[in-house]
Structures are given as structure tokens and as C-alpha cells.
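One structure, pasted below without further comment.
Lettered A, B, C and D in written order, each chain numbered from 1.
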Amino acid sequence: MAEVKKHATPMCDDLKKGPWPSFVDDIEQQGLSGKQECLDLLGQLELSFKHKETHWKHGGIVGVFGYGGGVIGRYSDVPEQFPSIAHFHTVRVNQPNGKFYSSAFLRKICEIWDYRGSGMTNMHGSTGDMVLLGTKTDQLEPIFFDLTHQMQIDLGGSGSNLRTPECCMGKSRCEWACIDTQAIIYDLTQTFQDELHRPAFPYKFKFKASGCPNDCVAAIARADCSIIGTWRDEIRIDQTAVAAYMAGEIKPNAGAHADRDWGKFDIQKEVIDLCPTKCMWMEGKTLKIDNRECTRCMHCINVMPQALRPGVDTGATILMGAKAPILEGAQMSTLVIPFIKMEGTYDEFKDFVSSIWDWWMEEGKNRERFGELMQRQSIQELLRRTGLKAIPQMVKEPRSNPYVFWSAEEVEGGWKRDVAEFRKRHAA
Amino acid sequence: MAEVKKHATPMCDDLKKGPWPSFVDDIEQQGLSGKQECLDLLGQLELSFKHKETHWKHGGIVGVFGYGGGVIGRYSDVPEQFPSIAHFHTVRVNQPNGKFYSSAFLRKICEIWDYRGSGMTNMHGSTGDMVLLGTKTDQLEPIFFDLTHQMQIDLGGSGSNLRTPECCMGKSRCEWACIDTQAIIYDLTQTFQDELHRPAFPYKFKFKASGCPNDCVAAIARADCSIIGTWRDEIRIDQTAVAAYMAGEIKPNAGAHADRDWGKFDIQKEVIDLCPTKCMWMEGKTLKIDNRECTRCMHCINVMPQALRPGVDTGATILMGAKAPILEGAQMSTLVIPFIKMEGTYDEFKDFVSSIWDWWMEEGKNRERFGELMQRQSIQELLRRTGLKAIPQMVKEPRSNPYVFWSAEEVEGGWKRDVAEFRKRHAA
Amino acid sequence: MNEYFEKQKELYGDNPGFDISEVLSKPYDKTLAEKLYDPNKPMQNRISDIGPAHFFQFLPPVLKKNYGQWKYHEIVQPGVIKYTAESGDTVFAVRCASARLMTTNLIREVAEIADKYCDGYVRWTTRNNIEFHADSEAKLRALLDDLKSRKFPGGSYKFPIGGTGASITNIVHTQGWVHCHTPAIDASSVVKSVMDDLFEYFGSHKMPAQVRIALACCLNMCGAVHCSDIAILGIHRKPPLVEDERITGVCELPLAVAACPLGAIKPATVEINGEKKKTVRVNEERCMFCGNCYTMCPAMPLADGEGDGVAILVGGKISNRISTPKFSKLIIPYIPSEPPRWQSTVKTIRKIVETYSANANKYERLGDWAARIGWERFFEKCDIPFTEKSIDDYRLAYDTYHTTTQFKWSVHTDNL
Amino acid sequence: MNEYFEKQKELYGDNPGFDISEVLSKPYDKTLAEKLYDPNKPMQNRISDIGPAHFFQFLPPVLKKNYGQWKYHEIVQPGVIKYTAESGDTVFAVRCASARLMTTNLIREVAEIADKYCDGYVRWTTRNNIEFHADSEAKLRALLDDLKSRKFPGGSYKFPIGGTGASITNIVHTQGWVHCHTPAIDASSVVKSVMDDLFEYFGSHKMPAQVRIALACCLNMCGAVHCSDIAILGIHRKPPLVEDERITGVCELPLAVAACPLGAIKPATVEINGEKKKTVRVNEERCMFCGNCYTMCPAMPLADGEGDGVAILVGGKISNRISTPKFSKLIIPYIPSEPPRWQSTVKTIRKIVETYSANANKYERLGDWAARIGWERFFEKCDIPFTEKSIDDYRLAYDTYHTTTQFKWSVHTDNL
């Protein structure tokens, strides 16, 4: 085991206290077991605590041959003090969808990372990747070869390309999954490998798929293309279970509120009155739902999972354009396809995606997210580019300003007018 | 009585049918009684019906000496066919506030208008003026002299100046007037005569005053400065009257819904549940209101005028910036002063107004309404210009974007930084 | 006499307009103006900046006496509001419609009625209705009978009674072809046609809540239709013509260029029989027909009988009652101009009114109803085709985008 | 065996990653890569574009068997969710926290636990918690005891159990000073400090609804804090420095100029010991500290220990439950950086959490509560001073202006 040098890190050490898992303790242990990078990282972090500033240099373009993404270059700006992390590049590994692992998988990747990297990771990155934190430039190709040959797994995305798609656990464990999120995301990731590894877009593009409107992967806030499960038939009702909830035999919301006394469960107060569309009512002992008025918000189902379930004619709602604030301000995704079946190989959906990408690659400015293009060129332009029909579901409410565009074709007589003719009717 | 020429106006004539007052019939009668202008106007209107286009020429700057407003120039673009309305200027007469008149007033102005104008009017213009429709340029000064000498009344506004201020009937008849709208508007109109008659602003500016949040003069939608009555103490409750409403002895909403069977009055359903803040409840037979939570929307008072009345510590809420769409889109007025006493000669309010005007005259672009300046330069700038304090009541909700401006003074150590110092800590 | 009056007198008594009874009592002297006004000495004898006459002198006695002392009101029948003061005094306000566009003859008739039943006083409302005040039951009855009896030769009422409570009151509107230079549509004929059709609702309290209709004949929106339950808006759909010959003569080119909010107007030069002339050109694709260029420049007319027409907006409101004020929203981008009766516009509005009336809750304004059931359902129920024209693409468009999975199934999704 | 599996195999069976058990069974060969990779023939032996391993192979047997056949769930205790399938099978999912920033040693410990109780399978959640699956009560008890027993030398739990239901679950966060080049604040130390303080709420169901906290160390918001109940955001407050000497060497000036959304950056020329050099100048008054210039140009650093710090936003949400998704709103523009424990930030968040918890209704998210009581009341109850910094002045500002007379009296109006 190599000689390791521990720095004085009083401020970091304070973070070993307290019940929440201490990353400092974890990293220090690993360091003392022989990983100088870990101790140097804590040392540099201590310096950042002192200066209240980061000590990483700006950027640095590094990567593996043939790929335009998957690696984030990082260099310390105080390398003399912390030589082992002078290079500290990140490798983004495409996670298995749903983030399930076998112990064998985990052990093998740990071995690779102990040997070729810092031994530190993020499980997981905000986009969903397994993030291997900190390695040197000369190790990048070997790491890539180890991953592809010895684990048969690949890198995730970075830069102006498709980013690693992500999903909720979906059908693997959740009773509410209206679409097979894992299968969908797996298929899209495989289908779009080229877009994922080779920058061809104006900026980054993200897919996220949630199995129902609870949106456990935050698709509506964090994906340029949000795929969210829904249904178009009726909520399934088990009236005996409804009665059981009313009788207090089953805990509301699966027990999610159990540690506080909220009083006896009151279906009127807690479900019917909170339904955003007020489309539920009791008829004697039976719960009724006017499904045509239901907006599938999931509340009643969330509260009474043993009594209510989504319908069986399921598919996805597609929303586009979510992003963080840089530059034009944050966006949530906007509804563009109210319902689309997500089966087989998702060809209809993929056609839609390519029409979107064609438009964006043609018109998008450098570092303009798709959502920003949509705002700049309008939903009307999106309709033209995708062949979608305008429907009221795309907007919260109709426009309040009267500034409508018309084309010459739409207007009787067109736009060619003759001044002389006009002045014949109207003296100047 | 002069010879009058009636044109063939089949389309106009169709508008004599039907129960609603027929302006055509009215105008034609006046025409036949000797007013050629009336018949020519119908003749030209018939032509407009045929062409589906107006037959008035663009603009025309006319007015009375020393005033920059009060008259709108108008010329027919088919004067040969309708010579008597070749000139057809409008004279805007400042209405008595609240639009009350004596028959003597009406008769005298009618005499003037028959003699010097077309005999046609608008009672009233959208801004509130008495609008005398249609006269010739040479009559403008005589009309002005007649109005000022023989009626002691004045013109209203037009052009880039203060427009004729307007108010609801307020205390003259309405039990809910929290401010004396007529007195306020009268005082402001008198105080700002110079601004009203002599264009000194970037664009038009309007005051409207409503006595309570029902806003019967549409101040919040139609005035650059909206003055709306409110109260800051408690809604006055007469519990016996409440009981009477509940017993069905008094018609809800003063009978405003009487011609349809809405079922028995239900205070819970119709008042308490509809209260936007849910700050009302019944305690046995007594109605309770948590006034701290009340937003003074007027609903409960509107429904039970004999039981509930606004408080007695009254004043106005001031909102700024309403306007029609041209150019940046329509605006409603924005809350800037939550409560201000409106008594005596309104000096505190007038100081506020001059600070607003100073800013606008300094920074406003040509034809930029005050509301547009507010949007362009921010509420923060409005606070600086007026000395008002930032309060949450000015916004629906706090900003969601993180793009906050800071000044060097606000930031520890200021903005002067030394690159060399920075690079001492951080190698490039 | 009256404490309030004394206070006003103290403050404003010196204003010429504070009490004009004396001048009003004198007969109108047609020759006076010409005597006083000398074009060569314009300032001579000129009275200016006197402002409006003071309002108090025009109040009926009972209103003067109880000024600021009113206690409550009852709408005893559509169009008739009974007010009771702290003093116990009562007064009946009788509201009747006017076309707003009215002649001096008709105004004289109003004056005559005022003298007969109302001590010579009358008022107009903020929506162009006329209000008479009767201080006794007897006067009220007589007044009502009189008003009902007055008709124009063609048979229309001169003073139909109504406009109170949950009714459809008078339509706020503008000049149209009767006086303005920028209109896309007429005003008075549209108002007459719509109100003829909705007349039954003017004189009754059958709506779920008040329904306020407004009309503006161009995007300037003098009718302030931007916050109405139902708005009738005149729109252009053809870009401005450019009169190269006269433009430099009638307007400043830079102002014309600057007038366009979308920068669609650019300076240009043309050759007119041999000589170069400065003018402007319009990028027609970028024009949104706002008409601001024509407002600034007479040589850029937009009006076109074929292209112009009506847009319908709904769901706006002004009062702060229950919900906050709302903008009207564009639901029908275009209906052709159909003078004199505008039948398609009339039919559309009737359909909206009936659907709202049949479906909304008591006290629920049209826009609150639409928001509650969802706009997809509003379009479905009213049988109005949804077009891309209703989707905002101006400055604040993003805030109208639908960023949720919450929506209702409707004909629009059924037919996908 | 399994119908679903067969279907997936049909579609994806040929992908190298469909079944990686064989390669995983082989020991790691440290020398292989160097043998296969030849810098001079980079394409030789290169495998690329194979994508992720197929998910199905990593599911615990009971999840494989009941894939898509789950019926309902019960949270039997905080952190333990019991799932029942149509088949009657059940499984317990046990959720425990992680710091997200974790070492291979700790991951090996996770693997060891998975082998002991979960047939060798484990998963991570979308919020960086770890989930183990026990298919029997017995295994569950043993698993729970084991997890509770594991601590770091300093005494902190390695795998605290909780994060379900109406709890405060793990904080979504970003790199901070541990790895990124643009942060205004650290991430991991803030998360540790906040969760130490709120620990009791991670392991209990005491909140009115779920409370989702997120952290992003700069305006890029990799933590996607823009839709969180409570958001911790790192901000800069000093305009970028400009390194005239090196700027042309390290970035394209036009890109730097174009980077600024407010056009605050303009090209400039300076004299550096006698010779003219191209560079840029920042109109500091117009800078809003977004950091985009530094992202594009290394010679324009913003970071400054004194100027940088924390902004707090609240009221965002993502789920479509009851109310639609919402953005977080800026309520505290600045709190100084206080590493390592960030005590002011911790205190502020505790205060917000306690006030929300004490006042909101069951099922009511923080933002829905604030909207219901009104933001004036929110600031009052939480004792947070309202500053002009919370008033929007960016692109869509107008839509946040308060255009109604409806407001509540509060300390803000009391003190006027």
C-alpha cells in the first residue's frame, strides 16, 4: 500500500459529525486505505472552505477517440499542493435504466475505478449517469476499453449532444406505470447512440420518461423531451376497498402521513374536495368519477392505491422544452402530444423526434436549447414542422393579445392591392 | 328650415327595426327636421356598409388657440357626395364628474350644438367626455367661447396629455364608496388643467377612480393611474340581517338574480364557500370573518348588502399602468400603494403623481405609455423614483428566475477586484 | 344648508364652474362668441383652464341630502334600483339604454323626462345607459310608463329599461365608420344588431352573473375590450399599402419606420417616372396588422373590405369580486364583416351566451366558468373550432403554454 | 422463462449489453486495455456505441417475475415500502440515504449487503437514495438491523433509513467545490449540514406532504432546483474579471461578447506595455451575474469568496398531483457562504420547514400553501424580510405584477 499524505483539514473534519452520511469520513477512510487522491481532494476542499472559492480550473477538452462526450475535463488550480488531483477528469457511465445493479456489476466497476481513477464517484449524476469522479488523461482510453470490453457498457453524454436518457423505476416495481419507462428509455438510448456520442446539435438535448403524472424522474422540469405516462379510459375502482378506506381499515396514502395525527380519514375532505376538477362524488356508498372531466392528476389514486388504479388504455403525454435558466429563463415542458401509444419500437414517436431535431438543427442558434427555439419561433412553427394539429390542450388559455399573423393565402383576395383602386374609393 | 337631401340608405334603414334604440332612426329624424349633416352621415355610413371600409380621411390637426387637445379633426374622403360633413370634427367636453346633469345644462349644450355643429353626440365617450360629433373648423373657437362664457365649462383631453379623468358615481348614490370619487376626480381635473390642455407627456395619461373593488369605472383596466377605494378595518356585520338573508326574507345580491330559480339561498354555498380566502365561517347563528385574511373582494358584501358593509377606516389602493394593446400588449394596472388616505386636497397622492410624471417625462420614449416604461425599466426603478418601499403585495408571487441585479455598494468588498490577486489564489 | 356642500364650497367655491345656474338661466346668445372672439387677438376675452362644472349642483335633492350616507340598495325589478339612506330616505334609480350615439333632439327628450319626474336631473352611467331618479313610488310608476311608451318611428324603444344585476347591459363601444379613420369594422350597427338579438337579457336577471360586452373597431381598443366577458374586436388582415408618391409629403419616414413594433417597416427608395423617391417597404410576412403604422402615417392605409372583419375574445373581467381581473382571450380569430346586421357575429355571441348561461354557476363570470371547466371543454361546449390563431406567439407567450399533464379529453383529442 | 423477458430478448437480444453476466463473471484484467488499445491505431479493437447494459438482468427475481404486474403498495414504516403483485407475491423495498458522493469502498459495502439479503441486487433512486429489496419479513428485519448498525468512524450513519412518504428525502445536488469550475458555493458540505439538521424528518412521515429540497451551486442549476419545494442556489454578485493579457489566447472574443444575455459585454482595445491588445469590457451596471460569460471564456472569472453566497427559492413542485407543476420562487436573495456548516442557511431552511409544517393542510405542498395564504402572509409567518430582489425584472416580469386590489394586510402594510 502506497505512502499517503494526510493534510490538516479541520473544517472538513467537522463534517464527520452528525447523523447524515459523511462524505468526508467516507473519502478520508478510502484515502487512508491508500488513495492519495482522496486525501488531496479533502485538502483542496479545505482550501476552498478557506477561500470560499472553487479550486478547479476552467474546463479542458479531453475525451476518448471518436466520441464528443462522456468525459468532463478537470484540472486543479493548486496542483503543487495537491499533485495527485492535478488532473481530475470525470467519466460519465450510462447507467442501467431504472438504476438497478447486480453486486457483480458494482464490484467490477469499483475495481476498474480503484485501478484507473480516484475511487470516488457520484451515484448518480443529476442527468442519471454513474459519475466516476477524477482520473488522468492517459487513463481515459484504458477506462473506455475496460468498460466496453470487460463490462460491455458504454459512456453517457456531455457537450452539445443527446444526454443520457433517464426514467423512473416504472413497471419494475410501481403499480402506476402506464408506460414501460425502462424499456422505452433503453430503446431510445440504443437507437440514438450516434446522437449521444457525437455532437450534432446546437446544444444539449435530454429525454426523461416517467410512468405516470407523479413524474418521479422530474421529466417535466428537466428534459427537453418529457415522456409521461397517462391513460384515456377510466380509473379502475374497487368499491369494497373504498369502503375499507372510509372505515379506517386501510391507511390513506399507503401510510405516507402515518407519523402525525391528522384525524380520522375523511374521503370527502381528503379526496373528493381536493380533486382539482371536482369530478368525483359519493352516490350512497359508491364512489363515482366522471372520467371525461378527470385530468388524471393522480391525487385520488395516490390516497387510495388499493381502491383506485389508472385505466388500462394507457400511453404517454409528450411535453417539450424543459430546461434550466441559462439563458432565457427556466422552462417547464409544454404539452405537444396529448396521447400517444408507446409500444413496439415507438416508430411514431421517433418520427416526431426526428422532425423536432431537423427543425432545431436547421434553425437553432449556437447554445440555444430546444425550448428556447420553441419560444423564439412559436408553437405555430412547431405545428408546421411536426404536422401536429393545434388543440386547446397545448395552452393554459387562449392568447389575450390580438396580434395574430395571417398569410396571404388565408385572406380573401390575397395581399396584392392597388393604391390607385383604393384611392378611387377614398380621396387622400 | 333648410331644404334637406335624403340619400337612399336601404342598409341603414334595416337598422330601424328591432327593439334596441335605433341610432339610425334617431339621426334620420333629426335630419328630416332640417339637419343635412345627419342625412349626409347616414349616406356616408351606407357607403361604408357597401365598401366595408371607413370613409373618413386620416387625422387632421385642428383645435382651439392655446390648447393642444380637446378636438379631433375629421374630414370625409367623399366630400362631393356628402358636402355638409366634409369637415366633421369632434369636440370633447369635460363631463361633470359622475355624469349627473341638469335639464338646463343639457338644453343649453343642445342649443349650442344645433347651431354650431351637427346635432349629433356620443353620451359619452369611452374616456368619459361628452363627445360632440361633427363640426367645421371655423366653428371651433366660437364653440369654445360659447362653452366657457355661456356655460362655464371646458374641453376634455386628447393627444399626448392628461386625458379627462373619470369616476364611478361613488358617494352620490352608492353605499359602498370608500372614497369620494367625484370630489377626488373633480379636484385632480382642476389641479391638472395645464397637463390636460397642453401636451407635455410622451403619450396620453388617464386617471380613473372607483369607490370600491367592484370598480364600476373599469379603472384597473383603463387608467394609467387607477384609484380604487378600500378599507383597512373590519367589515361591518348586522347579524339580524344575516339571519334574515338565511331565512330567505331578503333577496340575495339585492335581487340581481331574481328572474331565475337558483333555489333557496344557501349562505354556506353562496357566500362562505365562494369567499376567495375562505376567511368566513358560521359560529352557530353568527357569521364570523377573519378580517386579517380578507382581501376585500366585495363578494360577501355584494350578496348581502343589508347585512355586510365595508369598514369605516377607508382610503384608496393605487395601481399604475393600465392600457390597451398598442404597442407592447395590453396591461392592467399594478398595485403600487396598498393604502392611502384620500382626504383634504390629496397632497400625498399628488406628490406621488408628480414623482411618476417626472420619471416618465425624463425617460419615456415617444408614444410610450407609463405602463410600458414601468415594464421596460422595472418596478425597482419605480421604487427608486417614488421612494415607495418594496412589499410583497406588489407581486402575484416572487420572481422565479435568479437573475437579480446587485450594486457594488450592496456587496461586501465592492466590485473592484485585482486579477493578479485572484490568480495568486488560482493558477490559470 | 348641507355640510358636505359647505365643505366643497370652501375648497372650490371660487371656480367658475362651481355654480353655473346663473349662466344656464340665461338664453343662449348665438352672437356672443363672434363678438368676443377676435382671430387677430386670440387671447382677448378667452376663458381657459376652468375645467368641468362641479358635480354637486347636478345631483337630485335627495342625493344631495344623503350624499355619502347611503345604507343599502335593492333591485326591485330589472332596471329599477331602490336606495335607502341612513336617514331613511329612499330613491329609485331607473336605468334605461341609449345607443350612445344620440342627437340633440333625443337629449332634449331626456331633459323633458327629467323635468317631469326627477326635479330636472338625470345621469349617464359608465356604460352609456341613462339613469333617472324618482323619489316616490308614484313618480316611479309614471316614469316607467312614460319611458316604455316612447318609441322611434321604426318601432324601436327610445328608453328600454334594464341593464341591472345579472343582465346583459349596454355594450361599451367606439366610433367605427361613423367617425373614426382607423376602424376595421363599424361600431353602432354591430351594437344595435347584437343587442336586438340579446334584448330579452337586457331587461331580465337571468344570467349566472353580469355579462359585459364591449366592442372596439380596431386594435387601439378604445372600447377597452381587453377585459370584457365578451369582446367584439375589429381587425385588419392585409398589410398596409404604401403610397410612394405622397408618403414623404405626409409623414416623417423615420417615425413610420419606428412605428412598427415588429420592425417590419424599412426605409427604401423607388424610381417614380425617372426621379428617385424615398419611401418605405413592409416585410409583409412579419406584419401582425396592428395598424400603428397607419396611425403614424396617412400614406399607409390598412383598411380593406375583404380583409377586415371581427375577432371575438371572451373571459375578461374587471371587478375584483371573488376572482381577480382578467384579460379577454381570443377564441375566434376572424368573422367577415356583414353590414348592416353582422349576422354571423350575432349568432356566435348568442351561442356563447346561451352555453354560458346553461352551464355556469350562480355568481360565476364567463371567464371563471371557462377556466373551471377548462378551455378545451369551453371550445367543445360552445362548438367553436380551435385554431392555431388562439395560441399566443407575442412577448409573453410562454406564460400561456400548458406545462402539465393535467388536461381533459375533448373533441380535440377524440379526433386525433 | 418469463414472457416479458422473451419479448425483450427478441428485440434487443443481440445487443452486447443485453446479458453481461459472462463478462462480469470474469475477474478484472488490469492489463487487457493496454493490450487492446494502440494509440497509433485508435480504431483497432475499439468497441463503441453499445449503450447501457439492459436493465432487466439487474432486477431481483421477484421483480422480474412480477414485472408490470404490481397491484398496490403500503409504506409499512418510514423507508420501508411493501409492494403486492397481482400474483400475490410481495416485496419490501428499503430506502436509505447516501451522500451521493461515495467511494468504491462504500459501494462495495452496498454490494455486500445486496448479496447478504437481496440475491445480489440493489438500486438507486432518482434522488440518490439506495433501495434494497427483501422478499420476506425475516430478511427485512435482518436487513434493517444491519443497515442501522453501519456507521462511519465519526459516528454518522452509512445507510440511514427513510425518505418515503411525507418526509424530507435526500437533497438533489451538484458538484460544488468538489469538482466543478463554475460554482458559487459548495454542494456536499451544504447538503450534509442541512440534512444533519433535518434528520428527524428524513426518517418520519410528519410533513403535510413530501418536501423536496434541491441544491445547485451556480445558475446553471444542474440540480434543477427550479421546481423544488425548497431550493438552495449558489449565486455570484460581482461582475466577471477580465484578464486582458490572456483573453485572446483562451477564447474567441465574439463568443464572449455573444455570451451575455444582456449585451453587457463589448469588444475593447487596451494598451499593455506599449502594444495594443484586443479584449472586452463589461458594463458592470448591466451585469446580472449569470456566469454565462465565464462558461464561454476562462479569462472572465466571477468567483469571489466575499461576493458569492446562497439564494433561497421555495414553492416549486414537479408532480401533477392536485396542482400543476410550479417554479420555485426567490424569497431570500443572499446569505453569505459559511463553510463548512453554513449555519445561516441551515437555520433559514429549518424555519421555513417548521412554519410550513405547522400551518399547511394535509397533502398540501409548500408552494400551494404559500399561494393559498398569500405570499405577503408567507413572508410574515416565516419572518423573512421582503426585498425588491424578489420582484421579477426579467423577460416575463409583467406576468408576476399584482393587478388586483385583492391583497392581505401584513407586517409589510402595517409598517407603511
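Rule of thumb we're sticking to: a residue touches a chain if its C-beta (ideal position, glycine included) is under 8 Å from a C-beta of that chain, and two chains touch if they have at least 3 such contacts.
Because the structure is a prediction, the values reported are computed rather than measured.
Looking at A-D and B-D side by side, the one with more C-beta contacts is A-D. Taking the mean of C-alpha positions as each chain's centre, the chain lying farthest from the centre of chain C is D. The interface of A-C is repeated, with over half of its contact pairs matching by residue number, by B-D among B-D, B-C or A-D.
Chain B and chain C have Cα centroids separated by 11 Å. The distance from the centre of chain B to the centre of chain D, with each centre set as the mean of the Cα atoms, comes to 49 Å. Computed from the mean C-alpha positions, the centre of chain C lies at a distance of 53 Å from the centre of chain D. Contact of a single residue of chain B with at least two other chains is seen at positions 51, 53, 55, 57, 213, 215, 220, 276, 295-297, 325, 329-330, 332, 400-403, 426, 428. Contact with two or more other chains is made by residues 219, 221, 226, 290, 298, 301, 304, 306, 320, 325, 327, 394-396, 398-399, 403-406 of chain C. Those residues of chain B that touch chain D in the shared complex are 213, 215, 220, 228, 230, 232, 276-277, 292-297, 317, 319, 331-335, 338-339, 375, 378-380, 383, 389-406, 408, 410-413, 415, 417, 419, 422-423, 426, 428.
In the complex of the two chains, the chain C residues touching chain D come out as 320, 324-325, 396, 398-399, 403-406. On the side of chain A, the complex with chain B involves touching residues 51, 53, 55, 57, 77-79, 325, 329-330, 400-403, 425-428.
Residues 219, 221, 226, 233, 235, 237-239, 241-243, 246, 284, 287-290, 298, 301, 304, 306-307, 311, 313, 315-316, 327-331, 333, 336, 371, 373-379, 386-395, 397-410, 412-413, 416 of chain D touch chain B in their complex.
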